[in-house]
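I have a structure I would like to understand better, so I am pasting it below and will then ask my questions one at a time.
The letters A, B, C and D name the chains in turn, as written, and every chain counts its residues from 1.
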Amino acid sequence: MKKSMVCMVFVVLLIFIGSAGFVAAETLKIGVVGPRTGTAAATGKSFTEGIKLATDYVNAHGGVLGKKMEVVFEDTAGSPDKAASGFERLVTRDNVVMVLGESHSSAALAEIEVANRLKIPFIVAEAWADPITAKNYKFVFRAGPSNSGVVNETIAKWVIHEGFKKAYIVAENTDWGLGIGKLCEKALNAAGIANKTVVTERKGQDHYTELAKIKAFNPDVILAFVYGTGLHYFVAQAGEVHLTPKAIILDGAGPPSLWPDFWNNVGDYGNLECLVSSMHKDVELTKLATLFRKNYEKEFGKAPTDYKSRSIFDVVLIAADAINRAGTTDANALVDALEKTSLTVTRGQVAFGTTKGGPEYHQWMPPMLVIQWQDKNQIVLYPPAGATGSLKHK
Amino acid sequence: MFLLALTNGLVIGIIYALAALGVSLVVGIMNVVNFAHGEFYILAGYFSYHFANTLGMNYLAAMMLSVGLVLIFGMIIEVLLIRKTYGDDLYSLILTFILSIVLQNTYLLVFGPYPNKPPNWVKGATNVFGQFYYGNQRLAACGAGLVVIAIVYLMLKKTWFGRMLRATSQDREVAELNGVNTTALNMLSFGLGCALAAAAGVILSPIFPVTPTGGMAVALTAFVVVVLGGMGSFWGCVVGGLIIGLVENFGAAFISSGYRHVFGFIILIFVLLVRPAGLFGNREI
Amino acid sequence: MLKGNGLCKNFGGVAALNDVDISLEKGSLIGLIGPNGAGKTTLFNAIAGAFSLSSGNLEFNGKSLNGKSANHICRLGIARTFQVPRPFAEMTCLENVLVPLVNRSRVGERTALLQEGREILDFVGLGNRDDILAKELNLVEKKRLEMARALCTNPQLLLLDEVLGGLNTQEIGAAVDLIVNLSEKRGIAVLWIEHVMGAIMGAAERIIVLDQGEKLMEGTPEEVAHDPRVIHAYLGA
Amino acid sequence: MKNTKVILACIIVGLFGILPLGLNVYQQHVMIVCLFYVMMSASWNLLAGYTGQVSFAHAAFAGIGAYTSGILAVKAGLSPWLGIPLGVLFAAVIGFGVGLLCLKMGGIYLSLTTLGVSEIFHIIINNEYEITRGTMGLQVPGLLVEYSKTGYFYIMLVTAIVSLLVIYWMIHSNIGLNFRAVQNDEKAAASLGVDVIRIRVLAFTVSSALAGLAGGVYGHYLLLITPEIPSLDQQFLVLSMTIIGGMGSFIGPIIGAFTLEILSEYIRGYGEYHVLVFGLIALSMARFAPNGVVGLVQAGWAKRSTS
């Protein structure tokens, strides 16, 4: 009997320890959400790099509201429920005034609900699903690509530009993959380009069966919307079965083709692969972009590869700018300030859309590039204005 | 399509059998299911990647060294964790389950989140039956898998060590009475089980690059194969691997590729309903 | 009361029981002997429903036992002990006997059952061990607990598997008295496997001898002791 | 003696009743998650700790409860107040089936088969994304019209207390006695008239139903049902909590759930390291103190009373 009493007391004690208050902050905190663990943990690493550079930059230029800015990076592991609770934790435990980041659409769709409920401004960086902004939530912004933006402005135009006749769409079963796959289908149908779609599992390793189906269709181009390691398997195996280089693969996300191990994993089969990116050393749009590259090389001793480190850098700058212009941390004032944003970041000048009704609301779409790997060099193919070369077939 | 599914099924089946062999061995001898089997596989993959790519070793030497290191690591784990659990199979299952999560997160920390791939042994692809191209590396891995399976078979049947293992797996007490040092044998056979996982890892990682969390899928397939074939049965393991490989590939080709892994589970459940001890199992459960 | 005809049991091609007939009357005390591996425990397992027979018929009070599960057979009135005691190690002695008591009748006050359990523990000589975990008992006590649990099922037929092994002379005497007492006073039929010959020969009315899965003979202790086949089976060649 | 226990329980429940007054929103959230894990661990303990059936499908049953109710709410507009009981029922039916399937299996065969069941369930969720929305997660309506942490806290508290009462009643009745007999020695139990089949299937059914209940309420609290609820990671947490608290004791899983959930909230600050720290604690507990905190306290008590 006494034993269980001791146990009970133990439980109660724990609860009260757990409930102990937290020390008030001396800095101004901003939250970032993103995958630090899980299948896309590489994105977390890029985010960490970008956050480091952005924090240094902001604090060297006077901080926010006279205080030092501190960024709390909460792990979402790429899963919507961890994302939602992580978001909530940032707000309720760390008292952040604004939340930024995210690279998984599924996670972002869960987070915008929390942002809306808690009335905390949330700037999405790299989650592309249209509904994120199409829901027209007052507190949700996106300073990054949207599926429809990428498809209509870049991918579909590029496919038409290169004169491809038959396309195969490979979509992973996530909000991003399925969403962008559908949009591609629509755009290609509108352009009269024959196409087919196959849905794959995000964690799949063996793609021989799908590849056999694709090969039977004999496409000119394969639009692959598979994120992470899955893409590496896909590219390598497509090469093995001689699907490429006859058909050209486009990595519809980009970063996996830029990860350090891409070449090691796909070998020669990576040659002539195309990818979507927002960063290329020969196409720096602003002075800040050059500065970013310089600082990055100084800080980490290598050239930036994954463009997501630069995306989060931009978003942190946008947030700091909005807070300083608002002169307060009041959420409504921050939204007002964000809506009036006119700031030049690495990817150009940011201005958020304010027309309600569609995905353009609170959306700023940075310019995207289509790049082809040609003998391990990145050649910009599209848009034609920035092109540094042209598409190579075998 | 049919021939492709058949070829892929056989090749993947051999690979599954190889991955399951270590689990089966450890179950047979020690009645311990090593939940962290896949993590040993992954560890060997990382080792061979770093030896070959970072240190520039010859790939064959890198593979050998990786398997050896995992063998030693396995024996250390046996001493630290498994030794205490003998006789309580669920206790060891729970311990190794927690171990697998710990290892996954350690790998994430040490090796980073990126997929790592040791160099291919061979390049290109072969045209099979004049129908389709099939990666040479896969064919080579299948061959290497067969070689390892054959070596294990010979070791079990022909060597003194193998006889001792079989004696112990049949009746531990009698073996002890006959002077077999079962403590040392347990350590060795657990290490050997891990080394087999490692062998599968170094053979497969050029095809399926390793990631910190990739081990769970490997272990799951290995468990399905082992339970299907019958715990501790050598031939059960080989036949089970082939069945699962074929069923999954035909299912994926002709029914639904999304449900690829479910087909294996369904076969498993049917077999267990008819033969609760698996295809080749005769042990009372 | 118990009737078995042509009982056979194969394990992977090896016949552990081969065409064994057995018949028991109410209140009788029958010994079952035979060398190691003769199939004695196999016969017990078959009667108690631990596994099903390969062929043959078993009847108890006119009801077929074929294919019945162990717990069903127990409720019909057949209880058993195990050669190596199998107490519920992590439960107290009282809880050990409470298990058969609560399953015997679904109704019944917990307090009344506890009272009955204590009495039975008392009866087998574990009166002061109520709250001890079964794993802490010594071998002799474990065997007594085994017996107590079997009695708690309120059996008409009790299958005892080597209950005397490891006991000293004095303890053997007490145990035999207890078993004879069960059979005579309570009218429980007992089928008893034993290696301690002196004890079983003295106590049993009749003896069944098994050898290599077959019934060698059945008779009074006197007849069995002098039968050359039995002597041959035990001493062997 | 019995009275002190009842009074103590009442005091603790009472303390919990006024707890939200002293907590901020974040702490209330942590308490709600704690209560979810209390339900999960306690019901898994009923199965694994009391009948020795170490199932790896427990998180999957929470998922069945959550998805049943969630899909009914999204596709048929059914109120979660009706959906959750239906989810519980469905989880119980599936639990009954899995219990039957695993009847002939003991020990590790059962564990591996339940692992397979859990994996099948996972694959179905991922593939039928048109219904379940796959890894994207199903956004579901809440239990309350106006979202309120305090409200959810009380809902979770009442559900947890009801679950714990059911479990407490079971393990202290004849059923619990039979559970332990089956766990200790299935064959001996059968020979003493215990209907092993009934007991094992009953344990599976009840435990699954309670997991379904926990999952359903939790899903409608998060407003988002994802494959994380029925994941192996979740199963890992539940298993660790039970073992660290003390498997096979009523209070153990409750202690484990609170300790580990609060601990994990603290170490979450270490980013990538938190799961590792968590795993190492669980591993050393399982290795050196397999009876958990309760076992340690009991051992300490026994030592003091003998010396």
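Assume a contact is a pair of C-beta atoms (placed from the backbone, for glycine too) under 8 Å apart; a residue touches a chain by one contact, two chains touch by 3 or more.
Small disclaimer: the values here were computed from a predicted structure and weren't measured.
**Student:** Kindly list which chains stay connected to each other once subunit D is removed from the assembly in thought.
**Tutor:** Connectivity check, subunit D excluded: A, B | C.
**Student:** When you check each chain against subunit A and subunit D, which touch both of them?
**Tutor:** Neighbours common to subunit A and subunit D are B.
**Student:** Please name the chain that ends up farthest from subunit C once chain centres are defined by their CA atoms averaged.
**Tutor:** Checked the centroid distances; the maximum from subunit C is A.
**Student:** Could you quickly compare B-D and C-D and let me know which has more C-beta contacts?
**Tutor:** When the contacts at B-D and C-D are counted, B-D has more.
**Student:** When the mean CA coordinate of each chain is compared with the mean CA coordinate of the whole protein, which chain is closest?
**Tutor:** D
**Student:** For subunit B versus subunit D, what separation do you get between their C-alpha means, in angstrom?
**Tutor:** From the centre of subunit B to the centre of subunit D is 32 Å.
**Student:** What whole-number Å value describes the gap between the mean CA coordinates of subunit B and subunit C?
**Tutor:** 46
**Student:** Taking each chain's centre as the mean position of its Cα atoms, how many Å separate subunit A from subunit C?
**Tutor:** 73
**Student:** Which integer distance in Å separates the CA centroid of subunit C from that of subunit D?
**Tutor:** Spacing between the chain centres: roughly 42 Å.
**Student:** Can you tell me which residues of subunit D touch two or more of the remaining chains?
**Tutor:** 126-127, 272, 275
**Student:** If a residue has to touch 2 or more other chains to count, which residues of subunit B qualify?
**Tutor:** As it turns out, subunit B has residues touching two or more other chains at 105, 108, 258.
**Student:** Where in subunit C do residues touch two or more of the other chains?
**Tutor:** Answer for subunit C, listing residues that touch two or more other chains: there are none.
**Student:** Work through the pairs of chains, note which ones touch, and then classify the graph as line, ring, star, complete or other.
**Tutor:** other
**Student:** Where do chains touch, given as pairs?
**Tutor:** A-B, A-D, B-D, C-D
**Student:** Using the touch definition up top, name the residues of subunit B that touch subunit D in the complex.
**Tutor:** 27, 33, 80-81, 84, 89-91, 93-95, 97-99, 101-102, 105-106, 108-109, 216, 220, 223-224, 227, 231, 256, 258-259, 261-262, 265-266, 268-269, 272-273, 276, 285
**Student:** Applying the document's contact rule, which stretches of subunit C touch subunit D when the two form their complex?
**Tutor:** Counting only subunit C, the residues touching subunit D are 48-50, 69-71, 74-75, 79-80, 82, 86-91, 95, 98-100, 102-104, 149-150, 152-153.
**Student:** Flag every residue of subunit A that touches subunit D in the complex, lowest number first.
**Tutor:** 1-8, 10-12, 14-15, 17-19, 21, 36-37, 41, 44, 73, 75, 79-82, 84-85, 88-89, 92-93, 105-106, 109-110, 113, 117, 173-175, 178, 201-202
**Student:** Help me check something: in the complex, which residues belonging to subunit D touch subunit A?
**Tutor:** 1, 4-5, 8, 12, 15, 19, 22-27, 29-31, 33-34, 126-127, 129, 134-137, 139, 147, 222-224, 226-229, 251, 254-255, 258-259, 262, 265, 268, 271-272, 274-275, 293-294, 297-298, 301
**Student:** Which residues of subunit D touch subunit C in the complex?
**Tutor:** Where subunit D meets subunit C, its residues are 174, 177-178, 180-181, 183-185, 187-197, 248.
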